[in-house]
Amino acid sequence: MKQFKRLIIPYFIWAIIILVIPLFLIALYAFTTEGNEVMTLSFTWGNFAKFLEATYLNVILKSFWLGLLTTFICLVLGYPLALIIARCSEKMQGLLIMLVTIPMWINMLLRTYAWMNLLSDNGIINNLLAKIGLGPINMMYTDFSVMLGLICNFMPFMIIPIHTSLNKMDKSLIEAAYDLGANRFQTFWKVIWKLSLPGVVNGIMMVFLLAISSFVIPKLLGGGQYMLIGNLIESQFISVGDWNFGSAISMILAVIILLSMSLMKRMDKEKGE
Amino acid sequence: MKKSTRFEKIYLGIVFLLMYLPVAVVIIFSFNESKLPVRLTGFSLQWYQKLFADRDMQEALVNSLILGAASCAVSAVIGTMGAVGLSRIHWKTKGALEYISILPLMIPEIILGMVLMAFFYMLNLPFGMLTLLIGHTVFCIPYILMEVKARLVGMDPSLEEAARDLGATSLRAFFDITLPLIMPAVASGSLLAFAMSMDDVVISIFINGPRLSTLPIKVYTQIKTGVTPEINALCTIMLAFTVLLLLVYSLVRKLYRKLR
Amino acid sequence: MNKLIELKNLTKNFDDQQVLRGINLDIYENEFLTLLGPSGCGKTTTLRIIAGFEEPSGGEVLFNGIEISKLPPYKREVNTVFQKYALFPHLNVADNIGFGLNLKKVDKTVISQKVSKMLKMVGLEGFEKRDVTLLSGGQQQRVAIARALVNEPKILLLDEPLGALDAKIRKQMQIELKKIQQEVGITFIYVTHDQEEALSMSDTVVVMNNGEIQQIGAPTDIYNEPENRFVASFIGESNIIEGIMIKDFLVQFDGFEFECVDKGFEDNEEIEVVLRPEDLDIVEPSQAKLNGVVRNVTFKGVHYEILVETELRTYKVQTTDYAEVGRQVGLKFGPEDIHVMYRMGAY
């Protein structure tokens, strides 16, 4: 069996060259100025300092806020759904979960584009509204359209982990809670919710990660001027050409994600005990 | 299980409506006669005809298929070998390697795209099919690696021992026993990877060449300008393709479970 | 009979843990030998070294007098029946059984003949095309045995092969395994932690603990003449009492001297005595040296299990006679019921 250890070599080389080195490269960019040549390195905090300018700080805060809001709404809407599904018969559950999963397979572009059909100024909704004499409502290119896109796109990522942990739960625990005199609310709060927390934490992490780093959805549903962190990174790399600043933003995004993930993990551990 | 109440049914209905209605609208209007995607005027296939006549589209489709197949093939080889190797080593670095293997699935795509762009630029690699191929392996390999690894973990190690006991060399045991048994996982992982590659837009935007376009990139650039019936038709085709892949995938999974 | 395998001072370390501490064992042709011991005693490791899946850290493995410990498994005339059978799920019954012959490039028609013959022997005639994953545990077990035996090995190794079966099929398979062994006339090396299984099937039982052999012997010897406290307590139930061997055929324990049938100890050597619960009889106090009070009676189906508290200890007695709790009784046993063994360190 020993000889098969060597099979890992191509993967190892690939991981080092394509993943590890480029990631270090970005850190290098983030802390240096000007020029994309490695030869002319000069260390600086400037790229991060630039971030404190109001325009950029606003982008971060807005992304953060939108990410939190999206995650929260997904949780509030998704949890009851997962609960309803988990209480259906085995066969029905399979079907419903499949219905939840399929959109995850549909290209995100397509799902986002689909909303444009409905929301645009001369789109279907406004046309229907006009028929009953209501003036056109501007829905495209607003916070509303972006949020709607984010929520509908990422909802399955909240529902599935919650459903998994609800489904894994021993049903007799719920009966035991009733048996011991808990009412419906107490049973939910003290037993069901507590036991589904791992799934909830997973769902929150996934949705938040996806929402805060989203880039296509705000671009399409928010318009060219709509800026979230993802769009800022793209513009720095593709249109502005300030790679150093772009790298610094990416690092900040990565730090935000890592921090929130470790925070959630810690909460999960504390609550679990 | 008790039956869901009427309120629960309505709630389920609303959420699924939100998830599926927009997509349904796209499909319906792709067959609509009118240029304006607002009112249904009659059935027509003209948008599909226009689409098929579009040279750029054809080219983009071919590019996507080549890219998907190539990145999936390369990833299948590296990922499968990696998974087998990973299951055989007991170094201290194993943990780190396993962490790296899921890294691409945790880092936001936008960062991956940007990282790769900067890296290729520094290497002076011309942006085009090659950079796209390398870029797509970044998310394809982890999928295949994870599927195969899960399969290997679930496999009884005495199977390979049994083969050697019955007279097979280690090499024969690997090819006669282990490989056939992990093949379904390789296949389902590759399908997943293929679907991902065919769908990817974020990473591709950063690393595609100036004149090269894949199907998703084509859609992306066209959508930005607004809603048209041609794009509705294109999206419908892509949707059909996804459904087809899903069917094949579930078929492979079924086979896979049978072998357990 | 010829010596087939000789293990000489075999040791094995995993990392810093010593799992075999010098195993010396001769295995003969046509022998049904069982390695018996609690989990972690080294029995499976010994088996895996004979099969070739592990290399010993020290010592020798001789096969017909030739050292084979570095030989890969596929070059050994030894086949294994694995604990969870390890049937190849992607091959049908016939292809599983024919796997080894196929590798040896045996002619296809010969293979299918041999496969059918094997299936007949294990009682699965006509199962050739079946899917192995759909067979019952007992059937899978039979296929695994057939797959190993079709290669006509000199030795068949069985690693707790009945562990995954339920009690009834297990009993049936025990009988069948013994029958098969006699039919094919080769050596079986059988690993188990089930003492009943070991005693009922084997010609020779090797009791192991902590990487060392405790005793080698025929089942009756192992049961009746345990060499030390570990063997006595691992096999069957027993009362173990510390005593002194005053001289040949005379032993002293619990303050009395008893006649016995053991000899060869030094005079006044400190020893331990085993009294099997089923060898003790409950009698009137006047008829026995050892007296005590009945503390507990449990009905066990065929017999009662009675705990009798004497001055110094509590004896376990298995008898068909009933004695009520609180009664004053005597404990009677003959000289042949006293098994004297060497005293061990702390166990």
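By written order: A, B and C. Residues from 1 in each chain.
As a convention for this text, a residue touches a chain if its C-beta (ideal position, glycine included) is under 8 Å from a C-beta of that chain, and two chains touch if they have at least 3 such contacts.
All values derive from a computational prediction rather than experimental measurement.
Based on which chains touch which, is the overall arrangement a line, ring, star, complete graph, or other?
line
With respect to inter-chain C-beta contacts, which pair, B-C or A-B, contains the greater number?
A-B
Centre to centre, by mean C-alpha position, how many angstrom separate chain A and chain C?
The answer is 60 Å.
Provide the C-alpha centroid distance between chain B and chain C, rounded to the nearest whole angstrom.
Whole-Å distance between the two chain centres: 55.
Compute the distance, rounded to whole Å, between the mean C-alpha positions of chain A and chain B.
19
Check each residue of chain B and list the ones that touch at least two other chains.
Residues 170.
Which of the residues in chain C end up touching chain B in this complex?
Residues of chain C touching chain B: 51-53, 72-74, 78-80, 82-84, 86-90, 99-100, 103-104, 133, 147-148, 151.
Can you name the residues of chain B that touch chain A in the complex?
Within the complex, chain B contacts chain A at residues 1-2, 4, 8, 11-12, 15-16, 18-23, 25-26, 29, 36-39, 77-79, 81-82, 84-86, 88-89, 97, 100-101, 103-104, 106-111, 114-119, 121-122, 134, 137-138, 141, 145, 160, 170-171, 174, 195, 199, 201-202, 205-206, 216, 219-220, 223-224, 226-227, 231-232, 235, 238-239, 242, 245-246.
Considering the complex alone, what residue numbers of chain A touch chain B?
Listed in rising order, the residues of chain A that touch chain B are 1-12, 14-15, 18-23, 25-26, 29, 36, 38, 77, 80-81, 84-85, 87-89, 96, 99-100, 102-103, 105-118, 120, 122-124, 127, 152, 155-156, 209-210, 212-213, 215-216, 219-220, 224, 230, 233-234, 237-238, 243, 246-247, 250, 253-254, 257.
Where on chain B is chain C touching in the complex?
Within the complex, chain B contacts chain C at residues 156, 158-159, 161-170, 172, 176-177, 180-181, 258-260.
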